[in-house]
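This is the structure, below, for whatever I ask next.
A, B, C and D label the chains in the order they appear, each numbered from 1.
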Amino acid sequence: MNAELSMGIVGAGRIGRIHAENLAFHTPGVRLRSIHDPNRAAAEECAARCRIARVDDDPRRLIEDPELDAVVICSPTGFHADQIELAAAARKAIFCEKPIDLELARVDRALACVERAGVPLQLGFNRRFDPGFRRARALVAEGRIGTPQLVRITSRDPEPPPAQYVRGSGGMFLDMTIHDFDMARWIIASEVSELHAFASVLVDPAIGEAGDIDTAVISLRYASGALRSIDNSRKAVYGYDQRLEVFGSEGCVVVGNVPPTTAVLSGRSGVVADLPLHFFLERYQAAYLAEMLDFVECLRAGRAPSVSGKDGRVPVLMAMAAERSRREGRPVSVVG
Amino acid sequence: MNAELSMGIVGAGRIGRIHAENLAFHTPGVRLRSIHDPNRAAAEECAARCRIARVDDDPRRLIEDPELDAVVICSPTGFHADQIELAAAARKAIFCEKPIDLELARVDRALACVERAGVPLQLGFNRRFDPGFRRARALVAEGRIGTPQLVRITSRDPEPPPAQYVRGSGGMFLDMTIHDFDMARWIIASEVSELHAFASVLVDPAIGEAGDIDTAVISLRYASGALRSIDNSRKAVYGYDQRLEVFGSEGCVVVGNVPPTTAVLSGRSGVVADLPLHFFLERYQAAYLAEMLDFVECLRAGRAPSVSGKDGRVPVLMAMAAERSRREGRPVSVVG
Amino acid sequence: MNAELSMGIVGAGRIGRIHAENLAFHTPGVRLRSIHDPNRAAAEECAARCRIARVDDDPRRLIEDPELDAVVICSPTGFHADQIELAAAARKAIFCEKPIDLELARVDRALACVERAGVPLQLGFNRRFDPGFRRARALVAEGRIGTPQLVRITSRDPEPPPAQYVRGSGGMFLDMTIHDFDMARWIIASEVSELHAFASVLVDPAIGEAGDIDTAVISLRYASGALRSIDNSRKAVYGYDQRLEVFGSEGCVVVGNVPPTTAVLSGRSGVVADLPLHFFLERYQAAYLAEMLDFVECLRAGRAPSVSGKDGRVPVLMAMAAERSRREGRPVSVVG
Amino acid sequence: MNAELSMGIVGAGRIGRIHAENLAFHTPGVRLRSIHDPNRAAAEECAARCRIARVDDDPRRLIEDPELDAVVICSPTGFHADQIELAAAARKAIFCEKPIDLELARVDRALACVERAGVPLQLGFNRRFDPGFRRARALVAEGRIGTPQLVRITSRDPEPPPAQYVRGSGGMFLDMTIHDFDMARWIIASEVSELHAFASVLVDPAIGEAGDIDTAVISLRYASGALRSIDNSRKAVYGYDQRLEVFGSEGCVVVGNVPPTTAVLSGRSGVVADLPLHFFLERYQAAYLAEMLDFVECLRAGRAPSVSGKDGRVPVLMAMAAERSRREGRPVSVVG
């Protein structure tokens, strides 16, 4: 590995650009060498902004570039598994956005490649790096709430996706709740054994016509007997609603939404505070940077990435269990 | 009915004394005539404090007293149904603490008596009269959150009951969650069609040995497709935790805990606010008064009580469904 | 002194009625014997509601009644000093609303009578009994904020008084800020040595025409070097604004406004909480009861009242200093 | 002016490095050409991190570089006026940290040079660009609080400066309160006519021995009759305390401190939230970037900078008036 890490990015969409900026301007010891996007103009614009030397038309060439130490995969989900395998074969360290794939068998094949190659792989569960959620997890880990007994996650998007997107998304559980499934495992460092999902179409009938749901309440039981509930909606008119609560034998930690300012206006009709941040890139701006810094630090220190391949696989299992539960009307075991 | 309502109280325990004080000192147009408690000293102490003329040793004589307009039943649950029937037969207006009985058949017989007698019966679901929850319900009723889609109730006691109490309580769902089941129906004025319960013993093994549970996550589906989750614990070390959230197509209303003061101390190690009120009589002090004022006002105005016999019956059904769900490991329909 | 304290009330206005209810219903060991008001109908209505045996047409007869142990003076300010002197001469314990008088010399004569008679006198600085402010003072007294260095008081009324009232009120500093002057001394148990007042007429020109002001910022220096600021307005459209902050070498305690409920509505345009309580009788309901309980307890225990005659005198001095400061445009010493 | 603005920085201390990073990585259309610091190593380190082409040993050569469009002056205060004059003579746009100088006459000479040269000059009052304070100002400007009547600023540092620093600082009013004086004018777009200061040494006797004070309460009167209070301390153990309140005829806007996360822990002894951000560079990180973006945008658009030379001068006047007030024990006029 070079003194400076040489990195390439596959995908110059919203999330690719975020990672590009964080790597270009805020991650010391990294040289962003190359970027690819099927939309070449997008790749070029990002390259200019972030001073990236090369724009590659072929993602394979980018990945196999011998000068590269690590690759950041921000392509659409359907390409993740293939590109992970290419990168593993080329002995690159890999950062990949979630999910690895919508099919468990495909996830497993990709992870097997990574394991054989012995390369580091970090999954993009950005919420683990949010300062508020990290604080909550640290308090839990330090025993400040005693033994965890109840976990509650509220996760509501500000706007529903177009029905067209829904069709290729694998369903709300795989597309959106997957973050909450990851949070469930990570926040108390414990595995879920069983879950039950109630789900409805209340936001947009077109989502129902596409075979998906847009509102859900999911209950989970941990192996320890601790219990958890998630509630999801595809549309919260007041903005991106991302809250977490962990309750235990000695206390409770609650993480609320993040408003843009603390200004509060008292007038004749009420005391009015700011809405929470609306857009996920703003809400998780600090988290995206922290996860990239962590990835680079793991590579430099030679330690295993803090979000592993298994961490990418289990939430897919959980999403599938949730889908089965809501379709079959019964609780479903999650077997890892 | 007299110019002044003449009322009697059966039971001088914690809740009986609360009602006695509210009726004696804060409810204009009421004369508290009599009180009964098997513990005569308790009845006498309450009578002295609240200037109640008679202490009756026999609850039946109290109830059948021709001078009495209304009776407030605060005896242990096992006596509720019998005393409701006595009061109905004697043509008294009835206020009764929840639940009517632990057996649905017994509930139904008592309600049939009330119906035949044509007397008013109000059930003691005090939380409906809490100023915060009333505000939430008013906002929902005014359409301020649009169509309700998700409801979330957090209900955690500050201290678990002794295992001995647990044995006669009918179980946590009938004893404690019953309030949350009532809240579920009332807050969005809609019936629950199906529910699923996960439950554990995490607080006190003696509760488990008594055949009960102390921690639960319950999911509910409304006929409208709206969804709801409840989480319960028998022990929150930080106090009585009573929160509510209703989310809809146009917004979300959240009701938090009530601290005794707004004092906040910033020191070297954090910004520290008051714990929520610990004791249910303090937390719901305003609610207990409001429910009694409402009962008396309904009697005076000749309108039906705002918490009906049916409102006492359905939460019992829901508690039974929850018990079946957790025992059989499957969602259960709630058929009214 | 009788087993039961026998008490009379002079004045059946807003504040007299509050004390009557608290003494009648919430203060064990007290018998409310008599009430007087020049408006006899008001006195009778209060007597009926609070079960007071006698309505006296002559305040002097009420005060000199040999059966009476204590008298509560809630008449207009102009009568306070005379009635204090009558009560002292008749050897009654005295509770008197603030201020004792608008003239310092008159205050001093009344206090001299009280001293000669050796009767207990408690002044009605109700805010000292507010749960939030008490919490703040306890934290200060326990050293939780170290040495006090800065005190800040925000005190804004919801509605300005009519200009007619202003004329007889002694001015805003004596009528309204006097509570804040008392708070300044009490909260850190320290005397003010010097103060400076800027004042304006911004709310109602009629107040200015009556020779008074309606908006002020007052700075105070304590003997210890600690500093303090008060801001006052006669009109806050969002309600009664009563906040306090004490900052010291080890921390800071802030007491905020008290909302009627904790309900918060998130919609498209903001996160809206309840306005603070609007009316002073609601805001300080708990404080009025606590001060009366404290007065009675002091009498029973034979200890000196917790708000002394001196506590009634010094804020008058401070109000006069503030008035001189704003008129002469310079800081003024407060000599006790 | 070039397509890309070419800029140089004088001073690679804490604030110089912040501006360097913001210009290098977050300000599109800018090329950072050169940096100077008497500590060459500091300049080189910053140049390497921010990819600045030149390190100049002589600030004059940097400023006079014909390739340069604008210069950012972050040197110690004693150099500001000279460097402003050099830059004006060389026809550079100027961004200068506050204050321009500790002597009013020197401030005026420097501003006269700028005026003669006709170059843009922006002063570094970063708090004007804080998102919370901007929100407050926008609400005031939109009339949401009606006519402003009271302004309150709390400004407390987390740590006192060393006594040695104090000696050369011009005193707390010029060094620290100057930001609050600027805020006073800007937040309601109105000039202060008179002020009064009480001040003490309560934090560190060494500060007193150096002839300065560390704790103050300052009252101000605006030409409109509106009033304002500032409280300052050099040491708040709980962190950097920066709050603002503007009260008017139609409402009140309050801006609170900014915590690093929204995590709140409820345990046996209280409900504990995060301390406010401790370090000014973290607290005002967004503000520093916004002010630099604004400076560059003003240059590109050819409009006058949003913080003018006069905006740099008046707070110096106000600080001097405060110093005179506290020394002479009387209110002092502020004549612009």
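What we mean here is this: a contact is a pair of C-beta atoms (placed from the backbone, for glycine too) under 8 Å apart; a residue touches a chain by one contact, two chains touch by 3 or more.
No experiment lies behind these values; they were computed from the predicted model shown.
Farthest from chain B, judged by the mean position of CA atoms in each chain, is D. Two chain pairs, B-C and C-D, are compared here, and C-D has more C-beta pairs in contact (counted per touch definition above). Computed from the mean C-alpha positions, the centre of chain A lies at a distance of 57 Å from the centre of chain C. If you average the CA atoms of chain B and of chain C, the two centres end up 39 Å from each other. Computed from the mean C-alpha positions, the centre of chain C lies at a distance of 42 Å from the centre of chain D. Multi-chain contact residues, meaning those touching two or more other chains, occur in chain C at positions 237-238, 250-252, 266-268, 274. Of all the residues in chain B, the ones that touch chain A in their complex are 146-147, 149-150, 152, 154, 156, 194, 196, 198-203, 215-221, 225-229, 231, 233, 235-238, 241, 247, 249-252, 329-331.
If you check the complex, the residues on chain D that touch chain B are 237-239, 259, 266-276. By the touch criterion stated above, chain B contacts chain C in their complex at residues 24-26, 28, 49, 131-132, 134-136, 139, 144-145, 250-258, 260-268, 274.
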